[in-house]
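Structures for review follow.
In what comes next, subunit A is part of two complexes: it sits with subunit B in the first one and with subunit C in the second one.
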Partner chain A sequence: MQEPCDIRFSAVRKTFGAQTVIPSLDLEVRSGERLVLLGPSGCGKSTIMRLIAGLEQPVSGTIAMGGQIVNGLDASERNVSMVFQNYALYPHMTVFDNMAFSLKLRKVAKAEITRRIQEAAEKLELGSLLQRKPRELSGGQRQRVALGRAIVQQSSYFLLDEPLSNLDAQLRTNARNDLVELHKSYPRTMVYVTHDQVEAMTIGQRIAVLRQGELQQIGSPEDIYMRPANRFVAAFMGNPPMNIVPVTVGDQQVMFADGGELALPESVLSSLKRCGEQHVLLGIRPEALELWEGDRTVVKPFPPSIAIRGEFIRSEYLGAVVIHHIAVGQHRLLVSSAAPVQFKPHSNVTLTASCEHLHFFEAAGAEQRIPLTVQHLKPKNQPEQVLVMSGR
Partner chain B sequence: MNRMWRQVRPYAYILPALLPLLVFVYYPLVQSVQISFLEWNMVSPNPKWVGLANYRDLLASDEFWLSVKNTGFYAVFFLVTLFAAPFLAAFGVTRVNSRWSAFYKSALFAPTVLSLAVASILFLWLLNPVIGVVNHLLSLAGLPGVNWLSDPFWSKWAVSMAASWKLFGYNFIVLLAGLLAIPQELSESARVQGLRSSWGLMGRIVIPLMSGTLIYVFVTAIVVGIQSVFVPVEMLTGGGPNQATTNLVFLVYQYGFQFFKSGLASATAIVTFLAFLLLIVVQALVMDRRAYYEN
Partner chain C sequence: MKIKVSGWNLLLFICLLLSFFPLVWMISTTFKQADQIFSEFLNPLPRPFTWENISYVLNAVPMVRYFINSLIVAVLVTAFQLVTSILAAYSFTRFDFKGRQFLFYVVVASMLIPIQVTMLPNYLLISKLDWLNTYAGLVAPQLANGMGVFLLRQTFRTIPQSLYESAQVGGAAEWQILWRIAFPVVRPTVLALGVMFFINVWNEYFWPLLVINDKDMLTIPLALQLFINSEGGNSWGPMMAVGTLASLPPLIAFFIVNRQIVSSFISTGVKG
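Here is the complex of A and B:
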């Protein structure tokens, strides 16, 4: 792409009446990238997209597109293509006319309109449907028409507002893949809104996680998953969700609220002590935990690990993964594994995890991530033996 | 037995609706055609067959052609006040702040709940040349007062306004419902695709998508308007001054129930019926084919 097609929000504020949807947002969409806006419903992600499209105007702050400030510029002048959640196909027009609509408005030559539509129709397998009305199409076909309509416009910006939410699961998987392929052949700046983290992870080159109109974290899918910036992002991403337990930092260990203790390697503890918080949140993803029968005390010395004793409650068999419910004191931890286990209910089990998979968050305020230095530890001569006591 | 019932059943279900229609609409219609060939005063035991004489007399009379001309005036007037104006008002209401739109909706619909007779009397007062508000406002604007109900030119406007005032709200609400049924996503999508003006939006998205509603209101604006204007005509001007406010519907009434010329009245009614029929046929053939219906 010749000209830069980035989008930059600076201190953008948006209110609807007395309700503040976006308090103050700074956000950058890089030229040509696929950025996913992810968050629960009501987090303001659709509003951000509508601000980019020009369907809403900010109360204050500036929005720049391709280096130009576009505040006050109407939607019709922003050189943007948008795919709406319900596709917004014109029901009184054929597929061809739907796709030709924006081109006719721009007075594109007839031959060129036909050429572009033929090309897009071929790519999206719509060739035989061009003379049909939208009501004669299936959901998947409508979605492709909406995409085709956006493509032929040849705008610099591509906005998609939950475009897959009306498709069934099977179609959605294919459509996700098609969208990424499509972006490769039409490398425009793409902003994609969804509340579905699987869509976000598969489609986004970067993901912006939002909550109540505030940006929580922006980064690659790996970044977001492996190094969540705060407790909200950690809990929102991942299924089954991350186990998050409040703990108190001690001299050699952290203490659970019910009196149980978890011994931690010195390096981890010093990271925690450095941040000065007494009460913190411990997070471990279900797939980072390994499940063992009985009480294990000795664990692998490197990488530094922890072990937690608990009581097996039950398993949920989901096919590809099995989710185990483990009671540790008054807490309930989830562990996922590929293979089912044959443990008796209420039998003793031990959970182990490498310390590099531990996440700590502040227990108060913004619940920010506390950075650990455990990853950089070199093996010591003396094996590190970590023991866990829980309130069992 | 069972099979026969299955075949008869749909007709049995339609019967309760069909029966009154046959008795009160189609039978009188056929009866009118028959009466239109008679010279009869409705009470005489010896109606006289005159063939097409009633039609001949009707087409030769000046008052018939005056009524046709006036009916044309009413049709155009009501297309403006009961079709175009409510459409623009409804389109406007969808674009104003929602707090105000609730006010406009109720304010514009309010006159609909009154009867035409009440509306007529209200206008009798409003248009009174001496104490009426309308002439008072005209004088404030420096304009001369008008003898609304006795002026041969303005009297048509006066009765049309009375009928329009009462009927406007209903058409407004019907058209508003048609407008609101258009998903907002569609007009937003059109905007993103480069459609800037309200007129463009109206022409390319709004009107095509609500064409079914528009055709319905188009036809009823004329038919209901001309039928309803009968009440203010009868109450305010009696068809005068010098038949300036008469129309085909009023002429039928005058011939039938004031002059007791049943044959002539029926002939007029048949001609009026044929004119309205033409309108409906045109609607069915020309406009319906281009209309878009949701299902």
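Here is the complex of A and C:
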């Protein structure tokens, strides 16, 4: 693309009557990237998309597209094309007419319209369906028509509002790949709204996680997953969700509410002490934990690790992964592993994890991430081998 | 096929006979000779079959002229009512303006006001405008119809918001969204309303009776009274002939549009 097609929100505020949907949003969508707006329903992600499309206007703040401020500009003047959740195909028009509709309005030459539609139809395998009406199409075909209708407009901005949510699981997987491939052939600035984290991770080059109209974190899928900015992002991303346990920071260890203790390497503890909070939240992803039978202490000092003793409750077999439920004091931790285990219920087990995989969040306020420094080299005279006790 | 006759079926059949009897009687009387009308009151078959009532009616009064009068008024009123209903209903659905709900209630309330309440002010207005005995006088008070606005608004509301928005993002102006997206979807309702409006106006008796006394400006329902008054109320053959002629256009209109209404209902598969 020759001209920059970025989108910039500066202090954008949107209310509906007395209800504030977006308090104040700063957001940048880079030219040509695939940005996914992710969040639970009601978090304002669709509103943001509608603000970009011009279907809603902000109460205050500015929205700039390609360097131009577009506040007040009508949807028809913004050079965007949009795919709606229910596809919004015109029921009385054939597939061809649906795709040609906005081109005809924009007075594109007939031959050019036909050329563009045929090209898109070929790419989306719609060739044989062009003369059908929407009601004669399956869900997947309708979804592709909606995509095709957006593509032929050759707009600079491509907005997709949960376009895959009406498809079944199998189709959705294919459609995700198709979308990414499609974006490679039509490298426009693409904003994609979803509440599905798998969609977000697979489609987004960057993900913006939203909650109650506020941006929680924006970054690459790896960033969001590996370094969640706060407890909300940590808990929202990942399935099964991250184990999050409130702990109190002590001198050599952190204490669980039920009296259990977890000894931590000095480097981690000093990071925690630096932030000055006494009560913090400890987060460990289920796949970061390793499950061992019986009581075990960590023998490998590198990388620095922790061990947690618990009681095996049960396993859920999901095929590719197995989820194990482990009781640690009054807490229930989830562990995922590739292979099933043959432990007896209520038998003693030990969970180990590398300290690199520990996340700490403030227990109050915005529950921000507490940055950790984990020393990888063994400091002199200080074994970084740790273990834990927990009230079992 | 096995037909099960229950008490309800029988009752329905009797109701059907009762509702059809006047229509059948009107048509058969039209083609009966004067002496057969009461001697074979219940026999629906005219023997001998005669056109004389029809030809009498056509010759005795300027029937064609009355037909044209009725047609002009009915078409004009129907067209105006449809256009105003579509525009108003679309605005009530699509635009969020101050007082929208209140205005809509006013429109709905207008359906509750009987003609007897508006008749005098309307008559005075039309008379002040010097529109008595004119088409304008017949048409002007009926340019909008609250029922049409109400029914069409309900239909427009069934169209998913995203359909409008998709067109809007696609570059359509508001009138294009209305004409090319919304209207085709609500066309069956518009056609049904059109037939309803047309039949209402075609059959209208009271308002034309007030504003028309020029014999050339009579509409068909008014022409009926010519035969009641002048012939002392006993020329049933010609009266029924006028009736039969008068019911033809609405019937034809209904049958033509009926097929379209059904087929457009079938083709309107708004995605579920």
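Points worth noting:
By definition in this document, the second predicted complex is superposed on the first by the 381 of 392 C-alpha atoms of A that agree within 3 Å, B and C clash if a C-alpha of one lies under 4 Å from a C-alpha of the other, contacts with A are read in each partner's own complex, and residues count from 1 in each chain.
Just so it is clear, contacts are C-beta pairs under 8 Å (C-beta built on N, C-alpha and C of every residue); 3 or more make two chains touch, one makes a residue touch a chain.
Because the structure is a prediction, the values reported are computed rather than measured.
When both complexes are overlaid on subunit A, subunit B and subunit C end up clashing with each other. Look at A:Gln153: by the touch rule set out above, it reaches both subunit B and subunit C.
In the superposition on chain A, A:Lys344 makes contact with neither subunit B nor subunit C. Using the contact criterion defined above for the overlaid structures, shared-chain residue A:Lys184 touches neither subunit B nor subunit C, since it reaches no partner. Of the two partner chains placed around the shared chain by superposition, subunit C is the only one that A:Arg142 touches, whereas subunit B remains out of contact. In the superposition on chain A, contact is made by A:Ala75 with both subunit B and subunit C.
Touch criterion met: A:Pro134 reaches subunit C, while subunit B stays clear of it. The residues of subunit A shared by its contacts with subunit B and with subunit C are 53-55, 74-76, 78, 80-82, 84-86, 88, 90-92, 101-102, 105-106, 149, 153.
Interface residues of subunit A, counted against subunit C in their complex, comprise 53-55, 74-76, 78, 80-82, 84-92, 101-102, 105-106, 133-135, 142, 149, 153.
Partner subunit B is touched in their complex by these residues of subunit A: 53-55, 74-78, 80-82, 84-86, 88, 90-92, 101-102, 105-106, 149, 153. Against subunit A, in their complex, subunit C makes its touches with residues 160, 162-163, 165-173, 176, 180-181, 184-185, 267-271.
Residues 183, 185-186, 188-196, 200, 204-205, 208-209, 292, 294 of subunit B are the ones that touch subunit A when the two sit in their complex.
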